[in-house]
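In order of appearance the chains are A, B and C, and numbering begins at 1 in each one.
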Amino acid sequence: MSKAKLKRMGLFASVILVIILIGGVMLGINARERQNKETDALSQIKQTHVMRWGVKCDTRLFGLISPKTEQSEGFDVDIARAITKQIAKDNHTHIKSEFTPVTTNSKIQLLKNKQVDAVAASMTITPERAKIVDFSKPYFPAGQSILVKKNSGIKNIKDLNNSKSTVIGVMGTTALETTKKFAPKAHLIAMPDNSQAFSALESAQGQAMTTDNAILYGFTQQSNNVEVVGKPFTNQPYGLGVDKGQTQLNNAVNKALAEIIKDGTYNRLIKKWFSNIPGLDWRDLTK
Amino acid sequence: MSAIIKFQDVEKYYGDFHALHDINLKINAGETVVLIGPSGSGKSTLLRTINGLEDIQKGKLVVDGMDISSKDTNVNKLRTDVGMVFQHFNLYNNKTILENIMLAPQIVLKRPKDKNREIADELLAKVDLSNQGGKYPAQLSGGQKQRIAIARSLAMDPRVLLFDEPTSALDPEMVGSVLNVMRDIAMNSDMTTLVVTHEMDFAKAVADRVIFMADGKILEDSSTDEFFKRPKTERARQFLSQVEHH
Amino acid sequence: MINIFMQNWQTILNGFWITILSSLIGLGGSLLLGTIFALMELAPNKILKFIGNAFVEFFRNIPLLVITLFFYVVVAKDFKISGFWAGTIGLILYTSAFVAECIRGGINSVDEGQMEGARANGLTYTQAMIHIVLPQGFKLAIPSLGNQFINLVKNSSILSFVAGFDLMYQANVISGANLDPFNTYIIVGIFYLIITGLLSTVMRQIEDRLGKGRLQ
């Protein structure tokens, strides 16, 4: 066979390969979607006695890997544990909590892949997300704020509305979209996660970092050079999430949430995590 | 006559291996000298010390008035006066035949372009390859390559030309054409030539002197006639009877 | 899938352009730097050799992400440096270590007689390198250089970690908004394939052209 012919065959083969690849992925998605409808997460949890939660691993106060235990620790993790315990009690059985670290980017995908049953990952309830995820009732009253270097002269989000300012956000969060409304002239850059966004702020890649106030407060504990300025400019509460269509499980979560609020567990956890943060009164958060 | 190459008590080591022992040798300008000896006797090593491809550890070696054993000597300058032809040609594979011949004169001697081309064409005619200038070495036969390699050396207009077994890698039918070119150089120029070869007929025909080496030592250094008719050492007699019965 | 492209084509093409730009700068930079360090590694001078070896070993053995974040986070404290440049400089340094190894390998497989012939012919070491050994070494290194350049294009996705606005960054942004990462990443994957496919074709053509009549 001639060299040119061989080369053309090679090209042809690559095109076929690409088509097969794309086809395979699409089939895979279809198969997964079909599978989704078939299994009921709640009965599976009861059967296996394990409830698998996706929690953050990079977010101080909510879900941050502890170097000692190598497990995520934070408000989200404790809430997840309390909810699991309550669901077990409601169903007169025992259920263990299992935690998988997720990122802002991957949390919904893991839920869709059925790698976790539910996520407690400082996730804002949005209509967009509600199309593919079922949210519980709000479990934390978050709102977006900005974190700046001390003595920066920036008092609130309006001060960033000029073409000289760069605002740093986290990929996959709603914060940057919201920032466009309040400071349309500012440049926006997105980092892969909270800690990298914070590093970017520290090395002056931008003048402000924006995300939920609760997370920003976490960074003020980590560094003395930064402060949260201005009141939160949005009301974006967090919800726990389960896969779309898992109504049984969602009902169970909501019921458990109401019960732990009622019996004081919820307020105890709020106090445990948010009682000694400068500039924040934990009583504002209680229910 | 003045010596253009002069070895004085030269010793050469490759690490611990003693490759040249106590070499004392004078070669006069314009002489044609053939260097023979069994394999591994140090012929190539001796030749390569003359243009500084190998350094020496002891003694003194002066070539064309330059002391090679001294650190201050510019070997690049020396090599423009001393050409070398290798067993495996070592032509530049990425250059055409003409470029092979013209490169060093152009960038080392800064010879003007027209003049350079003129000389290259003359040399191609001399080695009987006039219409091959545009080809690459890979497109030539071994004999043709070796004649180009000789032309490349001649283009630098050297005073000394070293040949290291120039015909050993060639098919037998190619050997003649290369030897003819070498004979022409030896007979019709005032260049000093030093040839390592196993071609005894060539040695008998063109050499003024024969040097016989074994085990890194010069065992004999005599006129061609004397060496072939009355070799002084048993080693040389043995060696001659071996190569001549081949 | 078509929908995602129609809705975001401007963003995707922006990212595509940034990826191409970063890859081209990375290619040129790493080729230049890689050649310099390969020559240092092969240099007769011991100090140059040491610097060359140290550079290659250093950048070959730390993750690209670490190099990039170093420029984005640490260096940026003293010099203003954008995500694009932090990522691209990281790419150049990282890739040039591998390019240096390819070129060193190429030069090493050039017959020793080439250098010897050139030196005996009166050329200096540098002249022999430039005119004779390097061109042949490059030619021998082209297949493995091609692999490195394809890796470079794919590695340019490092820009997405430092907000470099490349294809991968835009894919992350788009999939964060439309919550359909599967189809988004497939589209972006196709754009990467376009770049690497073109690159392979060009490299093969160079190989063919240089191959003609100049073999040993």
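The working rule: a contact is a pair of C-beta atoms (placed from the backbone, for glycine too) under 8 Å apart; a residue touches a chain by one contact, two chains touch by 3 or more.
From a predicted model like this one, the values you see are computed outputs, not experimental measurements.
Asker: Could you pull out the chain whose C-alpha mean position is farthest off from that of subunit B?
Answerer: Max centre-to-centre separation from subunit B belongs to A.
Asker: Of all the chains, which has the CA centre nearest the overall CA centre?
Answerer: Central chain: C.
Asker: Return the distance between the CA-based centres of subunit B and subunit C, expressed in whole Å.
Answerer: One centre to the other, that is 45 Å.
Asker: Compute the distance, rounded to whole Å, between the mean C-alpha positions of subunit A and subunit C.
Answerer: Taking the mean C-alpha position of each chain, the two centres sit 35 Å apart.
Asker: Starting from the mean Cα coordinates of subunit A and subunit B, work out the distance between those two points in Å.
Answerer: Chain centres of subunit A and subunit B, defined by C-alpha means, are spaced 79 Å apart.
Asker: Under the definition above, what is the set of subunit C residues touching subunit A in their complex?
Answerer: 69, 72-74, 76-77, 80, 82-83, 160-163, 169, 172-173, 175-177, 179, 181-182, 186, 190, 193, 197, 204
Asker: In the complex of these two chains, what residues of subunit C are touching subunit B?
Answerer: Residues 111, 113-114, 116-124, 127, 131-132, 135-136, 139, 213-216 of subunit C touch subunit B in their complex.
Asker: Within their complex, state which residues of subunit B touch subunit C.
Answerer: Going through subunit B, the ones touching subunit C are 51, 53, 76, 79-80, 83-84, 86, 88-95, 103-104, 107-109, 135-139, 149, 152-153, 156.
Asker: Quick one: which bits of subunit A touch subunit C in the complex? Just the residue numbers, please.
Answerer: Answer in residue numbers: 7, 14, 18, 22, 25, 29, 104-105, 108-109, 128-129, 131-132, 168, 171-173, 177, 189-192, 196, 199-200, 202-205.
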